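Two complexes, one shared chain (chain A), two partners (chain B, chain C).
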Partner chain A sequence: MPLPTSRFWSLTLKEIRQILKNRQIIFLLLFPPTVQLLIFGLALNPAVDHLSLGIVDYGNSPSSREFVAALVANDVFEVQSFQPSVGALGQQVRRGQVSTGLVIPPDFGDRLAAGKSVDVQVLIDGVDANTAGIAGGYMQQIINSYGQNLARGSGMRPEVPVEVSAQFLYNPGLLSSWFFVPGVIGVVLTLTGSLVSSTTVIREKDTGTLEQLLMTPAQGWEILGAKIAPLFVVLMGDVLLASAIARLVFGLPFRGNYFLFLALSGVYVFVCISIGILLATISRTQQQVVLTSFFFNVPLIQLSGAIAPIESMPAFFRTLSFFDPLRHYVTIARSLILKGVGIGALLPEVFTLVAFAVLLLGISVNRFRAQLN
Partner chain B sequence: MKRVFSQCLKELNQFRRDRLTVALAFVLPLAVLLIYGFAIRLEAKNIPLAVQDFDNSFLSRTYVERLFATQQFVPTPLEGTTPTAALDRGDAKATVVIPPDFERRIKSHKPVTVQALIDGTDVNNARVIQNSLRATTQFFLRSSGLVPAQAASPIQPHLRIWFNPGRREALYIVPGIFGVILWVFPSMLASIALVREKEQGTIVQVYASDLSAVEWLLGKELAYVIVGLGEALVVMLVATLLFNLRFRGDPTTLIVGTVIYLGAAVAFGLLVGARAGNQTGAVQGTAIAGFLTALLLSGFIYRIENIPFPLSLVSNIIPARYFIDITRDAFVRGTGWIGVWYAPLAIALIGGFFFRVATRVLHRMQFKD
Partner chain C sequence: MVLSQPPAAIAAQTSAIAVRSLRKRYGAVEALKGIDFAVQPGEIFGLIGPDGAGKTTTFQILAGVMESTSGEVNVLGTAPRNARLDLGYVTQKFSLYADLSIEENMRYSAGLRQVEGAEFESRARSLLQRVDLDRFRDRLAGQLSGGMKQKLALCCALVARPQVLLLDEPTTGVDPVSRREFWDLLAAVAAEGVTVVAATPYLDEAERCHRIALIYAGEIQQIGTVQELRDNLGLRRMEVRAESLDEAERALSQVQGTESPLFKGAATAGDPSDSIASEAIPPAPPGKGGGLNRGTERPLSKGAATAGDASAIVDIQTFGDRLDVMVTDAERGDQQIRAVLAQHDIALKDLRQDEPTLENVFVNQLRQQGLDPAYLEFPAYRSGKEKGGRAIDTHRLQKTFGSFQAVKGVDITVRYGEIYGLLGANGAGKTTTIKMLCGLLPASGGEIELAGQTSDLNRSEVRSRIGYMSQKFTLYDDLTILQNLEFYCGVYGVPKKLRREKIDWVLETCGLAGRENLTTGSLPGGWKQRVSFGASVMHEPDILFLDEPTSGVDPLARRQFWRLIRDFARRGTAILVTTHYLEEAENCNTMAFMVAGVIVAQGSPSGIKTSQPGQLIELVSGQTQAASDFLKERLEPWRVAIFGDRLHLVLDHPERELDEIHRWLAEADIEVQSARPIPFSLEDAFIGIVQRAEGA
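Moving on, here comes the complex of A and B:
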């Protein structure tokens, strides 16, 4: 490996100047990552609470009103409207105005007072299958424990021989942004990194300045190295920007070693740059880059577990996700930011990520050099 | 009118000749359909759970068996000494610790506490784990006769899940994918077409002709709505076959809604192309932006009610949100026009706005000073 020559540095300087002069690239480096982090962090929220509840209370007695009050006590359900009849309630569920409905029969209070059992009807909008399942579970739990308390007589503590005491580690407040933001840092790096690096490479191809570079005495590796080095620097700037937003806006704890996080993010930045160069070598024009980038980025993001959980995927896609470098970066980011583990707990992910970086960089450099000749 | 049609024909011919773009225009939507359709599942399943059983008695083993009897948890060995080590490494999402006197205390009618350490990183999973550990414990108590049956509740809930009684998640996800695909790709194709004219300088010829901006853009609009309809047909056909979707009731909402939605998507693409100068990077950036808003602010994955206040206002002007209302109604709910009458109106309003702005940007049909 020859030492960096003055030629390499002048090429690097030329690239840096080009990036700094191109206001569009500066914009792409700053604006989309910020907006993406904010939108992802705020909008992705799987919580099942404040579900709108429509009620038909045929009983209309103190006991039925007490029952309704108990149902909405812990904010999972929220009374949206009282309806005069089952028909009207059905209309509301059908039009999606309420997502759950409860029908209390006319003899609710009388039967309970007489010590008989009473049936209530629960309607759940099943369009959102996952939410419907969780809502149904909550509904049954709340109604059962309310009923059990009634049966034992009020005031008595429920007697449970085995109790589960649950303790949430790493994210005790169960904030959904804490879960999503570390993964989204990876998503943002993928989108921005591949976009910026493919744009800078393909533009030289498009405008023909690449041929001019080839006519200079510069070696292939010098041209490419001088392209990659400034990209690496500006994308590390994006890592700093993203972690600043994560820390200041979302209050993420960053429990692990921050320099380890930076170093491993650097490895992932190489993956992103390689993908960008690969895109640029596959496509002939900038328009094709726009389309082919979807081919790479959509599966990369979807299989990474940054947006939807990996465990719930079918077995085939769970296996496929191991071949997704972003998946390993997301695991690393979550572990370092939330769990605060050392590198010892992350060895498999770190090795895989480094392997991906080396492999992808090798492939993209080779393809790029093949095109140079 | 005739000039609009000839513009449209010219555009379609140009599109057809670019083989790679044609291929990508139909292959990419299908690829997105397959990945999202098969890989997005939200119901928590296969959660790795480690158990540290200090008691190792008959009752504690029965309890552990119960925990894994549902498909929700898969056992994972607890290597290392501390129960948190497996959580740190990510090998387990939860560890259940059963105390040494588990059986003895139950038999002598004293309360026992089972400790559950849950990885709170994945918030949704964490809640589901807690709930199902509680429910399984209740079930264990009742099935082993440790809780008297008379403690049963006098109020019996009868649950009925409407529209999707089997709770098939594909019925939720796949109609949502239509909203993402039919927004992203038609708008991207339209904006690329416009930028190409600028890059290659053919737009100057249009400037020089007596074609008005509205006529020129309408021709492109029409052409890419036709391309989009082709994409819609292919994607919906494949989806109905692969994911077993069926029309519930009136298909006219879907037909009208799709045409209007494609119109809005193409208008958005034209607006982006008109504003973008001749830099494809800007187009790509906007394509990502359009993709993300259609993905995140439309209620495609998680409930739209969970989007917090300032952002929830933005989600009101995302056409994908209204189109997904239409597709979910057409394929799952089946209410027809009474349920979704507002959606095509909202999309048309937003799309009309995009088109208006695009024509204003180009209205002089001249170089910028």
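Moving on, here comes the complex of A and C:
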């Protein structure tokens, strides 16, 4: 009797040879992950600056000009134009020529000199709600600190007696790329892993070799195992590639144990391959599998917190996100890369990922033989 | 070597297609080595050659989808690319949209060429009616059988009123009834002035071409009408039907001469490729490894030479239930055959002389080129099952897809050592039946016993004793031939020390020794089939399923295939096979004819033939197509079928009816050269059984 290992080895050898001959797969493994990481890391920046500001200065006094200078001092706002009237300013905001407007009343200088408080009017284009919120917040902050400075200068007690001094942990520079890159590593693994693995399975169906394969004595798990093994190796290559970019291009700290990071990434790679294989077993053609993977991958990414924070989601989606394996991997990646925690802090996430891998792969193996019906 | 110059009247017109010193090179391989031919408007021009001769390359260049390396190609007075709107191109691959209905596919093809409105309606209806698809206009193309798809592909190409139709083996894998409908339609459009260039592995179809080019290894060897090619062969054909064909072939081959007139002629023509052949005097050079091409029983050329000088017998070809013996002279051949058979105590059932068929010409030519594939005995190491035990047994086997019942209660018993043929039109349920037997599809009802197992047919141990070759190519195109074979050896657990020997056997049998590192995808279809077959038997299965193993394979390789299949059966393998070459089906011990999911006839080949109603009459006429069209209107359609350039009629009372038919044909101005009773072939039986069952 031949050993089953010989069968498994033959299957694996065939898969390796096919991967090596397939330039498309090698391209898919190298190019998109690099580009995605660079684009997300460099371009995706939620910080807001250079907001265009329109001003109506009815006061037209030294103090009002000083106030404007204080507003634009840190480049958050940039004066776009001075307008003669509130009406003209409103027009500009409506047309989108400026995103914020500031109206300084005629008695601005007089009231300040008299030590009284002054109301200034701020118009903000609220179409881009996120930017509007941030602009409003900045404006408030700048005005507050301007007021405090004035109060100190005049020897009066500041109106706001408490100053908040926040200290940012783990990401002292508050670099947004530090937040995004670990998440994007997860996104890249999800996209590449599920696409590459579904392609190798569906190709057998497309060319009709699957039928022949199912007629050989090979068992479903042997066929799938032989497909997974080489894919796992090349996708771990992707993990190395991604972490190299994270370290070298974005200077991420990798505070945790790097081998622990690799091991847990390996678990997640398994999950991604299982997703791809499951999609391939339920689809009939290559086209179908690409379209279904879009259907699954986009929500998977959106719910994971890799790009948009989970805390800002409605309660229902926050709960739903627990069923998203990517969410757990993103948590693991951020904790290991930025915080440097040990495995003890990550046990719930690790168990969830293992459960996902077992479940998805189990379904695939079970469905594999019945898929020709 | 152009044998026939077109008549002056035709030559004066401009050719529809003109090809001059056309060459095509793929890297180091020269696929076309400078070919010349011209096709006249309204002509059906056949391009016939073995697998890998360069036919597909020629078609791709004519269709303007590939550039030539050098040479001139003129289609409708311009470059192929510019003539595309007037070209129709049908290949083996289905070029239809599976998600569109027949009607929508037709409308789409017509719309591309701006055939719309009333013109589309009338044209589509008449085309679909001619190939019997009009009834299914709303059916999705993806749900059609292979034969229906190819007929639809032809209709789609024709609805756009092309002036030139290029057909690259479109009838491969299509059943005999559909193939005849396909060619009837071709003949009709050619009569309307459409120029047709067609390749086909079915040489009886090729006889319906006006002119034929025989192409081997990138060169055209002969061009001419079927009659000219036959005359050029310079031989007569003796049809021998004897008690034991194997023995008869062995006996006759011992007295076979070695020289054919054509062989000499070719050598004097100074064709460079023939200079090698003329040195190799034996018609079939010995294969590698000591095995002779056609069996070890055949003496070496030296031994045959003494008998050969006086012998009239030039070549012996097996055709199912008969031998075609090529002789230099009919009378001497007749005497010699009778004498030899009497000497060996082989009872002669029937001996008649006739003109050679195109297949005779082709096989003879290929053998002279040394293209007869080597026959090497399979290196068998397992002792097979004892013959006679039940390998496959089904009872009331059924399969339903949605509301469609594909298989309706099939009973089949195949024993070890038996070759069982499952025959039927495309879509009759043969492949579905095989897939259920293999465990690829669950049965909807009924019982299956496979290798003694009645349940759990999917178990690995059961599958390791089964060999399966499906209709689709089952090799990995991106791997090399060697890597594919290594893979199948490994996955079937062929012991390591035997692998090299088995792989070598496959490579040598396929004529691919030394080329095992080619990418499988670059092989022509027929060769892939041969490698697939090899891959499916290396583990010496007890039960072998072969779903159209020989489709698209050239005639010599098909004979080799069947010789191997018979060897496996002799060693105790149970073989279930489907084929559309009915002449091959004679090799089966038992066969079943399936129509619409039901077995309508079952028995031995001879049993099936003798159970046919009526008497078969072979009619020879200069206007076979016209006679067929005419008689189909007067007789039931199943009674009339074209075989090559002849017409076969099934008559219940030939003595009465024949006179009437003669009178009808005379009134229609169709001349009849001869009409004689002949025995039923399996193909006649197939056409009759299938069409009667479908009509019922």
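The rule is simple: the second predicted complex is superposed on the first by the 341 of 373 C-alpha atoms of A that agree within 3 Å, B and C clash if a C-alpha of one lies under 4 Å from a C-alpha of the other, contacts with A are read in each partner's own complex, and residues count from 1 in each chain.
In this section, a residue touches a chain if its C-beta (ideal position, glycine included) is under 8 Å from a C-beta of that chain, and two chains touch if they have at least 3 such contacts.
None of the values given here were measured: they were computed from a predicted structure.
Q: Considering only the touch criterion stated at the top, classify A:7 as touching first (chain B), second (chain C), both, or neither.
A: It touches chain C, and chain B stays clear.
Q: Once the structures are superposed on A, label A:287 by its partner contacts, choosing first (chain B), second (chain C), both or neither.
A: first
Q: Which partner chains sit in contact with A:141 here, chain B, chain C, both or neither? Use first/second/both/neither.
A: In the superposition, A:141 touches chain B alone.
Q: For A:181, select first, second, both or neither according to whether it touches chain B, chain C, the two together, or no partner.
A: Neither partner.
Q: Please work out whether A:37 is in contact with chain B alone, chain C alone, both, or neither, and reply first, second, both or neither.
A: Once the two structures are laid over each other on A, A:37 reaches no partner at all.
Q: Is the number of chain A residues in contact higher for chain B or for chain C?
A: Touching more of chain A: B.
Q: Taking the superposition as given, does A:67 touch the first partner, chain B, the second, chain C, both, or neither?
A: After superposing on A, A:67 lies in contact with chain B but is clear of chain C.
Q: Going by the contact rule set out at the top, does A:124 touch chain B (first), chain C (second), both, or neither?
A: After superposing on A, A:124 lies in contact with chain B but is clear of chain C.
Q: For A:208 in the superposed arrangement: first (chain B), second (chain C), both or neither?
A: Touch status of A:208: second partner only.
Q: Quick check for you: in the superposed arrangement, does A:300 touch first (chain B), second (chain C), both or neither?
A: neither
Q: Do chain B and chain C land on any of the same chain A residues, and which?
A: none
Q: For chain B, which residues count as touching chain A in their complex?
A: 20-21, 24-25, 28, 31-32, 35-36, 38-48, 63, 84, 87-90, 93, 106, 109, 111-131, 133-135, 137, 140-141, 146-147, 150-165, 167-169, 171-172, 184, 188, 192, 195-196, 279-285, 287-289, 291-293, 296-297, 301-303, 305-308, 311, 315, 325, 328, 332-333, 335, 338-339
Q: Inside the complex, what are the residues of chain C that reach chain A?
A: That would be residues 435, 438, 440-442, 458, 460-461, 463-464, 466, 468, 470, 472-479, 483, 486-496 of chain C.
Q: Report the residues of chain A in contact with chain C in the complex, numbered from low to high.
A: Going by the criterion above, the answer is residues 1-2, 6-7, 9-11, 13-14, 17-18, 21-22, 207-209, 211-219, 369, 372-373.
Q: Give the list of chain A residues in touch with chain B in this complex.
A: Chain A residues touching chain B: 24-25, 28, 32, 35-36, 39-40, 42-48, 50, 67, 93-96, 112, 115-134, 136-141, 143-148, 150-152, 160-172, 174-176, 178-179, 191, 195, 199, 285-295, 298-299, 302-303, 307-309, 311-314, 316-317, 331, 334-335, 338-339, 341, 345.
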